[in-house]
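Would you mind keeping the following structure in view while I ask a few things?
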């Protein structure tokens, strides 16, 4: 069995998790090098896992003993790293967002198409979540007619201090943007954000919370997404797809039911890591094995671009409440 | 529309509830008289509802302006009252138990058969509960094969001080005894009680709690009934029927689901009145309208006898743990 | 116990149901007269229940042996009947809609305030549904913070041939309009309708289905209502209220769970009558007993007016998709 | 990071799965050799994974490049293999049953105690199932009082032709025997089997199905286990623990809910592999990492012995229906 030799660009919290996952759990992948502008982060990984430190990102991406790249550095640095990978012809797994502007996302798409072969996978882990996969499979295998409406909710107990109104799109709804587009296989054409009065648990001048986001697709599907990031009670992901002949709902995580004190109580999750920990594992296993086969099986650069354009449209509507057009154009043949 | 003129024998807590139900909620029934050895109880009802007080039970049962009788007096007095009704040819609704010994139950059955027409309905309200009716209807209408196993639980938060080990059968499991016999339409042939260590919330020398009761039917169905009357958390009735091709479960009462503090919580009921309040109403409506039509539609004297014999067998097994035979014999043609 | 003597105006399907309910099930109410422009309808009820036929609506409303009025005639005739009742000082239960224009609704409100005492109850039965009452009680009794968002769905398996796009508001969402306004005790300020591509099971030039309706309240609560009246699978009512500290969801009707053929299956309801049959009974019991006490306990003429104004705003938005203002003004002291 | 070098004894279906799991998914373990009396089985694994074939079980267990052993051969050969491992001082993972007689199980226990350090882990995967772990954690962390009753069900859609009445214990209930003993941390003292009439889907002279098995523990807990291996509808594992102050229930696998044709439907599993696939992975990861640390973390030889003695008692009761004593004696200090 071949082993995929990986360099990880960025050894912050998320980068270290990827290194841990690859080294401790994967039989067919190994981190050979780590590259971080913060020398301490890199040293930590070198000490723990014996991987070599590479200060020069360009050089290590091009290194002959590196088969593939994981980009987990500071968001604004993603685009440069991914473009280098394409230039070097190296498969790359890039954490979301693929880039922080739609222009940079487009540049990556163009570079990849120019290169002529798909190299980029974006880290939208929902597509590897067991529940979403069941949803996708049921939607595909049974005859339920066309989807018409999708209701989503994305709730966090609370968020970090720097999380402002736009983060509700860029950090939060971005996952629904990718997941729904994949689930119903359709293209977004417009966006609108409807903002209720905010919870007392936030400062509404800084973060309006909750928000109700509306997307419309080319085929006329309307998607509503409740984003509520100070919901206090837990981390909760809901998704319900209304088709012409049936309605299908994402399952909730399961816990034992306790009957006590006149109440039937089932735990809820409180943390996105807990909710998607298995999806991250499956995502990486799939990325490694598809990369070893020379394929990109997960979310592509095009999906990263679609997410960026859609997110920008939602953020524009946050200010005005108006419907904003989304003009990604048709999916290129290259990505279809 | 005719009105059923009723005398209520016994105006204690349960008798008063029946009077209240008939007077306040029913368009086709009226209490005309009340009879109680406790003069205060009777006076209370006379004052509130203007019904006449009749000191002589025999006389009032026979009175020409009395069409039917509700027996809700002290349990040991049930048999005498019911036998009077049969002698007078008056339809009678008798609270459970129909009588406190199987000999008295048998005497009622024999008297009714001798009279030649069914007059007696016993107050097993489960048969009028929406969930049990749904269960019965699904079992009857779909092809699930023969029933093989039935799992029941009957749990109370707590019980009165005088509730001893035998009450677990006579007051509690008695409802399952009647309901399962009706649901699966089969006859009991043996009983066994298995007694675990008791909860610290009881004095095991007085009340062993919980208990696991096992019944077997003529067709070989095994029924297990958990009786747990100090379960603390609420009032909870469970029933699951395992057939050859499907398993069907009694629904639970529904309450709003609340997501709060990392928990999804749904209320449970705490009181049998809350659980079966609607069943009592339906039971009485059915008794009144079937009595007006000259029929007995609910649990018969035979069902009351079967319950008594089965309960005695379970109580005998409480001491020994041995399997005890139940010999009711076949259901007479008269009751089939 | 007093008996409320009632005239029923309109003995069509719904009027006959009310007569049946009062005569067969209620101990403290009686229909004494019926009035219908269709003589056959009236005769049917006279024959079955022995009620007298009154051809003149004005006369019978004013008749000294009539204590209260039920208006169940043709919708456009509601306003005149209700105004007559107010003029005669008679309590009236009017089926929804109270009137077919907001001007007529306003006229009723003004007449009632001029009369000086509340007489009118409008037939919004949701407020008497067990699940909604549980929701209301939980919302009131626990400290969940302010409501922020409400998600509703109102789904019918199919609808009659004459049901067009505007019916989705006037016949369907009208129930959510009243129920949510009551649940969260707040006033609507704007409406918007977002219309996805329609199901193949309808003609979209005649009926756009489904629709997503958005209401906003004075306190900033945003309510989204999915109306989907050709959903095929059943009759389904959903309501979820997102508060600052908890999320509460309307319970679903309960049925036995069946395990068969690799599926756990629970029945869904298919018919609004089945879903709300008990609510109609409770509604009428409450109307009769509160009327006997000289009170109006249920939805008032003001609620009928609010529903009419809100519905008109939604219907206007169906064409443009724009946000439309709702200007009912503050609830008058008289109705607060 | 160290790598655990493993020999697998027995390369039939289950052995091959273990080899696959170790080679494809584990970063800290490697199969170095395989040993099977069936040369084809061994060759298959040699070809696919490049492991060496060792014909002599004794030799390979003792080999210096072998750190640990997986025993997955024919059940009657387990005891000899495990005893060799103990003699060689090699950690061993033995598929259940540890041995086919309680005498052989006892011999393993005695040999291990004589050796002086725990080496044996038995393959009861339930202890690694997410739901059971949640149950264990909730039971341990919250104050629910003592357990009193445990209700279990173990249902298979169907079984192989050679599965007879005793298999219901040895192959099926054996998992509950180990899991409950672990969950409630108590010792079995007696067993009883109650056998209802059998499903038409079996030949009752060969396989009585379903069966109701009753176990009692030293502390007085009563456990009832429904075994129903021709239940037709799917693979279903139920477990409910009744404590003095609460009742806790094992969660069910989660699937999307589909609303269609008047039914709410959720898939059930049909296969034990599907149900416990993740538990097998977690079990092996835990065995490898605890073995690398020099520990036995999972079910011990004593647990294997307890299961064997308990199973024999149940099988004895299958014929008589009588209560049969279980005399494992107290857990030795060595295993406490």
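So that you can tell them apart, the chains are marked A, B, C and D in the order they are listed, and the count of residues begins at 1 in each.
Assume a contact is a pair of C-beta atoms (placed from the backbone, for glycine too) under 8 Å apart; a residue touches a chain by one contact, two chains touch by 3 or more.
No experiment lies behind these values; they were computed from the predicted model shown.
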Centroid comparison with chain B (C-alpha atoms), farthest chain: A
Chain pair with the higher count of C-beta pairs in contact (B-C, A-B): B-C
Chain centre separation in whole Å, for chain D relative to chain B (CA means): 44
Centre-to-centre distance between chain C and chain B (centres being mean Cα positions), rounded to whole Å: 38
Centre-to-centre distance between chain B and chain A (centres being mean Cα positions), rounded to whole Å: 58
Touching two or more other chains - residues of chain A: 232-233, 245-247, 259-260, 266
Chain B residues touching chain A - in the complex, by the definition given at the top: 157, 232-234, 236, 259-270
Chain D-facing residues of chain B, complex: 145-146, 148-149, 151, 192, 194-201, 210, 212, 214, 216, 219-222, 224, 226, 228, 231-233, 242, 244-247, 321, 323
Residues of chain A touching chain D in the complex: 1, 23-28, 131, 134-135, 138, 142, 144, 245-260, 266
